[in-house]
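All chains are identified by letter, namely A, B, C and D, in their written order; residue positions are counted from 1 within each chain.
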């Protein structure tokens, strides 16, 4: 995904006052979460113990949707989108990733996909925090 | 879209303490915004004065993405998703719809698609407010 | 969702040779499917017999994603998107909705959400067929 | 994005007869396209010559939506989704990425973001072809 670094340098207006590293990391972390939450929900669904993984599946699906929207908003030049709007969305994304990490960690010992997904969500929490701090 | 009312009654666990009318209205308003913001961005892009409509197009695209995620989270039974998470997402959605309504209203006299889209965004702001108040 | 009819009339370039009624119906049917498939997947997940509904949940999620993309592409003025591209996407969408209808119909006697969702998917199959015939 | 390789090994049912390398490459290529097409559309929108880039913006947005759906369907265990459905979606995705690559290449000499995006789209065409060949 070196394409994120490449594209960030090609925008005719640049990225303004935004911290390039923090922005890049947050876009990447969100894209990773979209994938890992979608894949973890599906893997949970195939487990024999699916009935015990209902909350995990639902939280995964919610987290994938919110990270998806956040990745797309961050992929646009933050000219029109005010800092306030960005903060509000990043806070919602951070909260959802935190909830998903907590849920996946409950099953991390039993299911490797939950362990992997929890780590991806933790990375996204951190990336949101760092971008929020840099705004 | 009577399907929203129908589906809300079929969930095996019901919708818990949620206000059914407020939930239904918010799902519908978000789905409408996804469509109208996508269509308005595209109509703006076809206007001769596209260069003056850049902020409108970008805000439309951002708004469509955030409403999309909100509609999907609301379409799920709010069992695992805590009230706090839902409030955070609804606040981000409300803020984005408000920003998009304000932007579209600047061009509503010139472009009917902006007028229609502004009204859809205003309805979504209200629907988010009502659901937030009912949580 | 009268907003679809309204917006279709506001585009500066019109909708070209496309059949307006067929286009409108297909956009609406896809939006309905995004909602009903997302909601049906979640309702299935809450059923006691969730283990028997795995295929239904997965097909619902896939169908929601493909209808989502189709609704968005159709929401744009079909100027740049060639007829060939549109046909290819509509065929994929039609096939996915057909598969989802067949899967949901297996459980329609037991679960009302599957019965409702099957009907929504059938309507989308028809709407895709009508738009394909009109292209 | 090593998370894709990691997750593919954690699914309780494995990936069946699918070619793991081809599947991984196609998921990654689709995720890259979602990002690069979203970012290229936004960069085009900021160019002084935005009026000449309308088709490029629209094709970018369409391509992002179709790659998004394809990435999500591929992120799920292809148990319920038949080979035929997967082929239909991959063909639609391949066609859209090809159209977007052709469009972006028209502006690649002028705009680096179009050059980068064209390459991402070309990689996705190849990745779809390889996965289609492996099905």
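The definition used in the following text is that a residue touches a chain if its C-beta (ideal position, glycine included) is under 8 Å from a C-beta of that chain, and two chains touch if they have at least 3 such contacts.
This structure is a prediction, so every number in the text was calculated from the model and none was measured.
What chain is the most remote from chain D, judged by the mean position of CA atoms in each chain?
So the chain farthest away from chain D turns out to be B.
Using the stated contact rule, I'd like to know whether A-C or A-B comes out ahead in C-beta pair count.
Comparing A-C with A-B, the pair joined by more C-beta contacts is A-B.
Distance-wise, how many Å sit between the C-alpha centres of chain A and chain B, to the nearest whole number?
Averaging C-alpha atoms per chain gives centres 21 Å apart.
Using the average of all C-alpha atoms in each chain as its centre, how far is it in Å between chain A and chain C?
27
Hunt down the residues of chain C that sit against at least two other chains at once, touch-wise.
Chain C, residues with two or more chain partners: 42, 45-46, 48, 54, 58, 61, 68, 72, 76-77, 79.
Which positions of chain B touch chain D when the two form their complex?
Its residues touching chain D are 41-42, 45-46, 48, 50-51, 54, 57-58, 61.
How about chain A: which of its residues touch chain B in the complex?
54-55, 58-59, 61-62, 65-66, 68-69, 72-73, 76-77, 79-82, 84-85, 88-89, 91-92, 95-96, 99, 103
In their shared complex, at which residues does chain A touch chain D?
Against chain D, chain A makes touches at 1, 3-4, 6-13, 27-28, 31-32, 34-36, 38-40, 42-43, 45-48, 64, 68, 71-72, 75-77, 79, 111-113, 116-117, 120.
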